Amino acid sequence: MTRYGAMYGPDLTFLGVPACDLSDPASFADADVVIVGAPFDGGTSHRPGTRFGPSAIRQACYLPHDGSRPSLALRVDGLRDLRVYDAGDVEMFSGDIERSLAALESAVYTVSSSGAIPIVLGGDHSIALPDATGVARQHGLGRVSLVHFDAHADTGDIEFGSLHGHGQPMRRLIESGAVRGDRFLQIGLRGYWPGPETLTWMAGQRMRSYEMTELVSRGLDSCLSEAFAIAVDECEGVFLSVDVDVVDPGMAPGTGTPEPGGLTSRQLLDAVRRCCYELPVVGVDVVEVAPPYDHADITAYLGNRVVLEALSAIARRRRDAAGGQRWDPHQPLLDGR
Amino acid sequence: MTRYGAMYGPDLTFLGVPACDLSDPASFADADVVIVGAPFDGGTSHRPGTRFGPSAIRQACYLPHDGSRPSLALRVDGLRDLRVYDAGDVEMFSGDIERSLAALESAVYTVSSSGAIPIVLGGDHSIALPDATGVARQHGLGRVSLVHFDAHADTGDIEFGSLHGHGQPMRRLIESGAVRGDRFLQIGLRGYWPGPETLTWMAGQRMRSYEMTELVSRGLDSCLSEAFAIAVDECEGVFLSVDVDVVDPGMAPGTGTPEPGGLTSRQLLDAVRRCCYELPVVGVDVVEVAPPYDHADITAYLGNRVVLEALSAIARRRRDAAGGQRWDPHQPLLDGR
Amino acid sequence: MTRYGAMYGPDLTFLGVPACDLSDPASFADADVVIVGAPFDGGTSHRPGTRFGPSAIRQACYLPHDGSRPSLALRVDGLRDLRVYDAGDVEMFSGDIERSLAALESAVYTVSSSGAIPIVLGGDHSIALPDATGVARQHGLGRVSLVHFDAHADTGDIEFGSLHGHGQPMRRLIESGAVRGDRFLQIGLRGYWPGPETLTWMAGQRMRSYEMTELVSRGLDSCLSEAFAIAVDECEGVFLSVDVDVVDPGMAPGTGTPEPGGLTSRQLLDAVRRCCYELPVVGVDVVEVAPPYDHADITAYLGNRVVLEALSAIARRRRDAAGGQRWDPHQPLLDGR
Amino acid sequence: MTRYGAMYGPDLTFLGVPACDLSDPASFADADVVIVGAPFDGGTSHRPGTRFGPSAIRQACYLPHDGSRPSLALRVDGLRDLRVYDAGDVEMFSGDIERSLAALESAVYTVSSSGAIPIVLGGDHSIALPDATGVARQHGLGRVSLVHFDAHADTGDIEFGSLHGHGQPMRRLIESGAVRGDRFLQIGLRGYWPGPETLTWMAGQRMRSYEMTELVSRGLDSCLSEAFAIAVDECEGVFLSVDVDVVDPGMAPGTGTPEPGGLTSRQLLDAVRRCCYELPVVGVDVVEVAPPYDHADITAYLGNRVVLEALSAIARRRRDAAGGQRWDPHQPLLDGR
Amino acid sequence: MTRYGAMYGPDLTFLGVPACDLSDPASFADADVVIVGAPFDGGTSHRPGTRFGPSAIRQACYLPHDGSRPSLALRVDGLRDLRVYDAGDVEMFSGDIERSLAALESAVYTVSSSGAIPIVLGGDHSIALPDATGVARQHGLGRVSLVHFDAHADTGDIEFGSLHGHGQPMRRLIESGAVRGDRFLQIGLRGYWPGPETLTWMAGQRMRSYEMTELVSRGLDSCLSEAFAIAVDECEGVFLSVDVDVVDPGMAPGTGTPEPGGLTSRQLLDAVRRCCYELPVVGVDVVEVAPPYDHADITAYLGNRVVLEALSAIARRRRDAAGGQRWDPHQPLLDGR
Amino acid sequence: MTRYGAMYGPDLTFLGVPACDLSDPASFADADVVIVGAPFDGGTSHRPGTRFGPSAIRQACYLPHDGSRPSLALRVDGLRDLRVYDAGDVEMFSGDIERSLAALESAVYTVSSSGAIPIVLGGDHSIALPDATGVARQHGLGRVSLVHFDAHADTGDIEFGSLHGHGQPMRRLIESGAVRGDRFLQIGLRGYWPGPETLTWMAGQRMRSYEMTELVSRGLDSCLSEAFAIAVDECEGVFLSVDVDVVDPGMAPGTGTPEPGGLTSRQLLDAVRRCCYELPVVGVDVVEVAPPYDHADITAYLGNRVVLEALSAIARRRRDAAGGQRWDPHQPLLDGR
């Protein structure tokens, strides 16, 4: 086995799940999910540090790193009820964004074409381009919608002279045809970027972007329901991209471009749960956790829990699909135990 | 007077209330409330530091440390309308959990049997065992219900080879008969612990545990009302145990086992107020404030305010009971001044 | 030009807007808004550091400092649609509060009498006295109401032997007649200060103070609507004073006197937006950002966004007034782009 | 007893020594040393925070706060062999420097005139003016020399329009005649302040200032010996003023105006020891410890140890003077025990 | 293999050396060195957190974790020229010091009796008792001397009612006969602990303790030479115990009981090198690295380098012993390459 | 003027010196020194953040940013006695190292060919390649020696698949012929990198590398004298490259690859002074200041003082060359004032 392992620090897996090696198909042949680290911050326009995101997200838990996490809320063990492997990091030299993104796309495609769901731990949001592209190459260009939690639209054109960077992946995805503009669902936008020209371009692509004002006025859950209905219209799969800066900087300070006025951690976890329980998710990334700006590891902890929430909901979705049940959020914790 | 004083740092009292000495009954004979420090973190399974919790909670206030705190909301002065003393710390050697818990139980019982309400400043949650036991020895085993704010159920059995630790006190309390399982009301649980076996045990004890999903779906206030009704069924007293990690780590980072997705600080303060105003509280502990992981002292400030909120509500409850009034949360601040 | 510039660190303007010089009227003759720095913390009763607030608030943004910020929510560019200048700092020696406040009042009056709206970046809340007085001298004593977001009433009398300090400006404003007591609208009070004597004085002045309990019980938006109606009764202008400690310390740790249980950042931004969109705001200050206690600059970021939210809403109010439109918070971001 | 106590936070004494009350002469009639807190940062030209210096210096120790500290090196217990009291803080409103310095001078003179040595815990270096003046009023104007450890000369004239501030006390002391210019011994200066005009003034006063270059080239101990000889020429007493920024910012980050390239902590402690052992010290201040910029309390710890080193050396000097002995730094720790 | 692995966080080895399992002798049969983690802080009298020391020390390096570290200075690769394994952590429940120390002693003895040198990563200094005892059981009670770098003598008797704790291991070692009192060489003591009674006991044991004053006066290298000569008198082996607080807190803030005025990092590394190159070291521990108080991981980095310096010097000693050479510190880096 | 300005944050100049525009030769035609910012961290192998180095170094000073800094030690004003301009930042997209380095080389050459000395503020050490190349293109390939303060040799070959990165610039400089291998003087190396193969390559180039062991054994000043003699043998100019990690991490924590056991800040400042006073320096860079890992800005302060020390010494060298004098480090500060 020639596993590349960890780009920074010791080689370890997400909460102790088994390791696999992307160069050895047998090592993940039966996988439901493969976790891939994308230790890259070369596309960050401001505070760097997300290169340490994969390592921080993998470790940020006070429980034993034993490859098991039974969810109180969903009554499944996302790490056991699914077969989850961790492929380690893709080598991504932050000084060479084009080469790095290509290497990641190849890795994601390898996972996706094996039938597993890739969960990519960023890294800055530049990686959404190879992440969603790698999945779309398997499931069909334009056949995967994108549910995108973020404070920022990430639809910039050229910045610092480059087509690539953490403010541009969503435009590149639409331009390439990997994802249809009208199957882009953006949740949590706010602030002062991008400007009118880019917004006009977005409108022209028929993207659906929920700014915080609309979310607060109409209610997050209503907006999610509306968005989820769009997501499965003519698309068989959904890619979920979670930029941790969708959460308020007060609750998620360890990030590169903090924009005040975001969701609470609780809201994000509930929204991720709904997304992965209600929709046919075929790929996930969790990005923009920047440990140098984190305090007491709280942003890394949040990133870790976003991954677990996604895994738990995917596991529960599969179990309920098999059993014809439906999860009830009103059910008391100890009922039926 | 042979007051033990402070285990760490200078000897000081909670916001300047008078000191008392547990070995000298006369020093607190007229007390309504006695504050006791439990500077112990030997039961912490992960980040230590709660040994400095009592000192941090006592000091975390920008106002003069003059033994007076008139509550804007409740129109009472919890430190003056009640006779509140601070007994200093109990000596608790973090390397010897059994001896330490025994010493604390003895101190709490001393307070409780004097007719005062003990408020214990932790320390890790291991101390809930001696805290609630000490109170139950006075009020009757099984006659005190337990309202428990926490991210974690703390009902583990044996961990690291020990019956004691901050993940286990609630099981020990039920096993010993100090508290009835069906009078355990847990608010704010979430995450990935404990596993099914322990949950089954909890269900078998007929505990009532409100996971965050239920709290969000049904509303925190509805759940509290339901829980409070149970709490006073066949129990004359209520012990309130507040683990600061019930609040989201973004708002309370200084703690040992942070679990994203919790209550806001505002929600916790309002819930503590309701508990102490509506119920016959006979003991309180505030635990898991870990200063080494705190930033700008915000978690210590929160712990301090939880104590004040409890004191204010107890004072108001007594005043209203005497006067036949009822506090109205809609009343404008300056009305009737 | 003899612009004083920055008291601490390099001379720079708010997000790159043009500089002006208060001693040169021509340099801001056409201004809609003039930003003034008040780098003063001599009135702070506890944690100092707000002297670095103006510099931190001016810089706390990850976008280019290019004097443009198109608001996603309000569809205006507060820095371009208004003519905004930055006059740099007023020299305020923290060891001499009387001289410092006088210098600031003079600067604010200079701005206000030129017809522009002053936006003052604090500094501790002592500066509200010269800020509101400077504006009232222009618009008429008693003709400007005050909308005041804060955890504290700031109506103390004499503290540390001084009439001035960050806990007293509101009393001084009423005593001097600059602002009518019954046109003081305070939002977000909580905690344990001031005591009954001061509250009685406040009631006597017919101030309207919304403590957090009332805000939670009745709803923030209802309370704001009620307050806004009072604000424009017999007053032609509104001064908006935002103490960042109105937000919960978990989301705004970088401040001097943190009081747990506050608003979320989202709530503050929405409330500031409503205030500046619905009311005839003639002056603003943003105070109590204390960088030494800030982490990852999140409190400075929040202060920066409060300023931008105010500017954006003022710009939108002017546009809608001119065009007879009304902003709709339900409108999707990309509709009509 | 009407002891003012602590201006910030709880009332506590330096490592648990007995409290005294400056308004009650009997409470410190037999004192050898009286500690006075000067919680003032109104004179700070840059980073504030020294108002919390007295509280931090008093507490920064991991040993019991029991009023005893036997020095390994000097074989005395500075807190027991001397009669040491702590008078608490002087009320110093940081917004009013003149009133604050006057109050402190009065307090220092009260101590000095009682026959005790005042040790003042700052606070910013503005306080050296009242500290040394208060002592000189007792021992004779011009009869007390000043040994001054600092990165900065603190001989500025008018700054920010004020005669007072932490960059000016040494000029004021010479101008007033309290201390002779040619009995000013400055150790550790470096960097880029003051400019030529002030240096010319200093030379005109015949001050003796050792810049780091000279200290490194000639050796710190040689320079100290030379300086100490001057200090006792025509002066009966020595005031020792220790600005913690004389130490390199790497080892003492918690300070207001850090200047790289300073002494090590070890060098400072050894130099303070020599000063207090070899010279007739009649007053001490330790200034510029700024907790908001401190990490892991290391600068506060250093300030605490500077005080203890001074006390230990004074105690040893007295013992050796009585017994005709001389301390030998080569003696092994356990010899003669 | 039933390797216990890591008590906190993911299971990883020191810089990527191979793992072994103490319950499987074959897994380390050919070892020269076995690294053992002692994640224990139950004996800490003040700031806890050393339980995370083993994990932090293992990881604190920016180079690939590839099990190779060629020393520039010593021209050996301590991780390759020696056969080094990492046995993971011993389970040490911080709430039960007696059980924890017994488990560690057993582990150390297992390593030592296999012929390998144990290097124990602490953990608080309580662990020196089992560490040195485990080695002495193999090499002969009283036949192993102890070279002890520390700010503190650690010779306390009973503290907090316990015979065990991080201030007492050296007394227990002498009392038990594991180490002869007159073969205890302590380097770097300073400050105000212990008191005369304990020092008298130490003198009675004929310990040799070098306080910083003596080290500075006579020179560190002279003192080391003297101490090393004693260490090999009638002892065949040397145990090296390095408490990171021997270094000045300015350079090693992440520790529990910081005492200003210590060695520089450079001095410690050079001293450890000399010790391991010149003496027959049979065991090592590196203790008191407390990550919660560390900044930018600098104390953990120092702990990591102390281990590497020891390994490199042991490797070079063996090579020179075999080849009859002697290392020359004057040799330029590139000479002979 | 089309000055690019600042890549991150507001546009400001080094301590307030005049701005110039590299695209406008007239703007710096009379310059002695031009400061250039290189906000790049795309070549960092571990902790990123040096992109914020230029901004941090420019601002890290508590004195007025007025373009004047009279050196106490050297009795010159490096910012006034020399004509110093600040050209702002070069746009360097951290995701594209080749393009970024080319842009910087062009900027440095522009400065150098104008006759001014470029001082480049990094950024990671990748920039030494364009920095020294830009200078050598003007002064002659192989005609400029390189004095290099660093913990690391930076002579790696290919890393992460790239010829460029912060571990490789020195090899590239030699390979290209820009700098002769035998005119490379490296001061302060230590630790465990590079390995034997690279060291053999270095020896083959006849580089002269002073590891800390040699510096400590022989004395830093002796080694510098030896190195300086080599530097001016057959070379007319010297490029000085200062990696702040040459200083011990305890005193300079804000850096990417901290290696314990380095110089003190004092030693570095004195060495930089000697280098710039004794040698014909034609270019300087100061690199690897990483603000996200800095505490209380102490590493940025150090970087700022390294620049000032270099400027002061260059100014003094020119003055003494003109006046035939020689600076005397023994001269007391106030002599001759």
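Each chain gets a letter, A, B, C, D, E and F, in the order it is written, and its residues are counted from 1.
Everything below uses one rule, namely that a residue touches a chain if its C-beta (ideal position, glycine included) is under 8 Å from a C-beta of that chain, and two chains touch if they have at least 3 such contacts.
This one's a predicted model, so the numbers in the text were calculated from it and none came from an experiment.
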{"item": "Intersection of the contact lists for chain A and chain D", "value": "B, C, E, F"}
{"item": "Chain copies touching (chain C, chain D) - same or different residues, decided at half shared", "value": "same"}
{"item": "Centroid comparison with chain B (C-alpha atoms), farthest chain", "value": "F"}
{"item": "Pair from C-D, C-F or E-F with over half of its contact pairs in common with D-F", "value": "E-F"}
{"item": "Most remote chain, CA-based centroid, reference being chain E", "value": "C"}
{"item": "Distance between chain centroids, defined by C-alpha means - chain B, chain C (Å)", "value": "38"}
{"item": "Centroid spacing, where centroids are CA-atom means, of chain A and chain E in whole angstrom", "value": "44"}
{"item": "Multi-partner residues of chain B (at least 2 other chains)", "value": "46-47, 248, 250-251, 264, 293, 295"}
{"item": "Touching chain combinations (by label order)", "value": "A-B, A-C, A-E, A-F, B-C, B-D, B-E, C-D, C-F, D-E, D-F, E-F"}
{"item": "Chain B partner contacts - residues on chain D that touch it in the complex", "value": "6, 9-13, 16, 58-59, 65"}
{"item": "Chain F residues within the chain D interface of the complex", "value": "62-63, 68-73, 247-248, 250-252, 264-266, 269-270, 295-298, 301-302, 305, 308, 329-335, 337"}
{"item": "Interfacial residue positions of chain C with respect to chain D in the complex", "value": "8, 41-44, 46-49, 51-52, 91, 93-100, 126, 160-162, 164-165, 292-293"}
{"item": "Of chain C, residues touching chain B in the complex", "value": "45-47, 189-193, 195-196, 199-200, 202-203, 207-214, 216-218, 248-251, 253-254, 256-262, 264, 293-295"}
